[in-house]
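Same chain, two partners: chain A is paired with chain B first, then with chain C.
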Partner chain A sequence: MHVQINGKATEVEPGMTLAEFIAMKGLKPESVVIEHNGTILPRERWRGVALTSADQLQIVSFVGGG
Partner chain B sequence: MNALTTGLARYLDETRLQRIRQTKVGIAGAGGLGSNCAQLLVRSGFIDFVLVDFDVLECSNLNRQFFFQDQIGQPKVQGLADNLRQINPDVSVRMVQARITPESVDTIFADCGVVVEAMDTPECKQMLAAAYSRSGKLLVAASGLAGWGDSDRIAVHRIHDSFYLVGDLSSGVECGLPPMAPCVTIAAAKQADIILSWVLGDLPVGKQGGL
Partner chain C sequence: MQNPDCDQLTIGGCEVNSRLFLGTGKYSADRIIPSVVAAAGAQVVTVALRRVDFDSPQDNILTSIPKDCILMPNTSGARNAAEAARIARLARAAGCGDWIKIEVIADNRYLLPDNLETLKATEILAAEGFIVLPYMSPDLSIARRLAAAGAAAVMPLGAPIGSNRGLKTKELIKILIEEIDRPIIVDAGIGRPSEAAEAMELGAAAVLVNTAVASATDPVGMAEAFGLAVKAGRKAFLAGAGAVRNQACASSPLTGFLQE
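This part shows the complex of A and B:
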């Protein structure tokens, strides 16, 4: 299944949740902002959202320094 | 008119200058990104700021931040406000010497049209970005500006029409890379340029992306 992530079609296991996707990518949840179909999704909700092929995601993962 | 505004009038017409003056900019963090971005915005004609930083100036800040030796020990928000007024005495600053918390983040920049994420840790950057993406304000954040070399890696990423992210997205200080003046200042300058372009109506800029 393909999901639009940051403007690119990305292969994702059907039924995978957002929390599982972030873990699979090796990203630290506390450094990540996810926009799911144009809405910011708080971290507590990632486990309850299964990805579908209609989804548009923007994922930003921050690194430190300023 | 002071010397800066007299000089600026040579480059920008009154309509543009007015648009710039009327934009209130909130800056979260008065470190390497925030102090340099603020300086460039003041030189571009911005005069209305909210500066938030809990910290005082230390020796280890002088390698990249817009401060001077005699300001060591001063609150950064005070030192930065003083330095900005050296460039333009008409600058108005609401100084907040405090940490931004999950309780305060949503309201601290309520009166600003633009928010600059200029903080240190990934967790703080995340908190600010989650609060101000889709807030109706322009959000300009930064991620990946440590180290030196290959400075073209510090790119402008358009996450959506009102959220821009500057950096290479991977060179964090947690990778053991020190924050050095050239790349930190490049990132701060790109943040300032996005804001200027947005205010003058020349966006979108940059390529789409974010992971």
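This part shows the complex of A and C:
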């Protein structure tokens, strides 16, 4: 199954939750923010959200900037 | 004259103990940032928000920023007020506070801010409880509107971002300092400690510096130099500079010369 993540079609196992996706990518949950179909999802809800092929995700983090 | 002992900068209800704000972009390695922040004596530190690149994951910048710093995410990348508001909300969801530097830019050559969209973003985000610090082209009417919209401070540019050209907008910044009842923070363009000192002598509440430090041969040394310059400039402002005259005015007595 493909999910749009940060503007790219990304292969994801069907049924995978957001929390599992973040863990699979080796990201620390506290270091990223997720916008799920235009809505910011608090971290405590990531476990309850299973990804679908219709989903659009933005996963962002802080970087150096002025 | 203000009492230097009570010279506290307060922004959005927060007491800020350093008038040098520091950006964290463009360093050769994030690991030098703690030393840079310490050498500058900075407390307010800016960061940007970007998509995670899963193909080349980067270290978390937050691990390089001392825990006692106030984090001021910027909305760089926003081309209009709606995009700035979206970035601000994402930044706040990271759980690092309510400060936001609004940066709305639609000009890629000079990176000059879009004052109108910046004002709209300020209205939206101040109403949502953010501590809003808009980066703007120095213009009195817009600055008044930003203050009325709830901006916690107003941040005029000295010169284009990253140009290290100094206080090219000095006369306009002076007007904002005189007329606007908010801290005026000179953001962008300052390239030398002497220019930071000059901004502070004019009465700026603070300066925000990034490229000048990050692009120095020795960023830690330059950070320290900026810290000293900002303190010197502030002290000079509080001390009140003497009048400027067109003609000489002798410093030594004009009586008791040997030839009299």
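Brief remarks follow.
One rule holds in what follows: the second predicted complex is superposed on the first by the 62 of 66 C-alpha atoms of A that agree within 3 Å, B and C clash if a C-alpha of one lies under 4 Å from a C-alpha of the other, contacts with A are read in each partner's own complex, and residues count from 1 in each chain.
In this section, a contact is a pair of C-beta atoms (placed from the backbone, for glycine too) under 8 Å apart; a residue touches a chain by one contact, two chains touch by 3 or more.
This is a predicted model, so every value here is computed, not measured.
In the superposed model, A:A23 makes contact with neither chain B nor chain C.
In the superposition on chain A, A:G65 makes contact with both chain B and chain C. Once chain A of one complex is fitted onto chain A of the other, the partner contacts of A:T39 are limited to chain B, with no touch recorded for chain C. Common to the chain B and chain C interfaces on chain A are residues 5-7, 25, 28, 30-33, 35, 40, 42, 58-66.
For chain C in complex with chain A, the residues that touch the partner chain are 23-27, 30, 33, 46-54, 57-58, 60-62, 71, 73-74, 76, 89-91, 93-96, 161-162, 188, 208, 210-211. Put simply, chain B touches chain A in their complex at residues 29, 31-34, 118-123, 125-126, 129-130, 133-134, 141-146, 159-160, 165, 167, 169-175, 177, 179, 184, 208-211.
Within the complex formed with chain B, the residues of chain A that make contact are 5-7, 25, 28, 30-33, 35, 38-40, 42, 58-66. Residues of chain A touching chain C in their complex: 5-7, 10, 25-28, 30-33, 35, 40, 42, 58-66.
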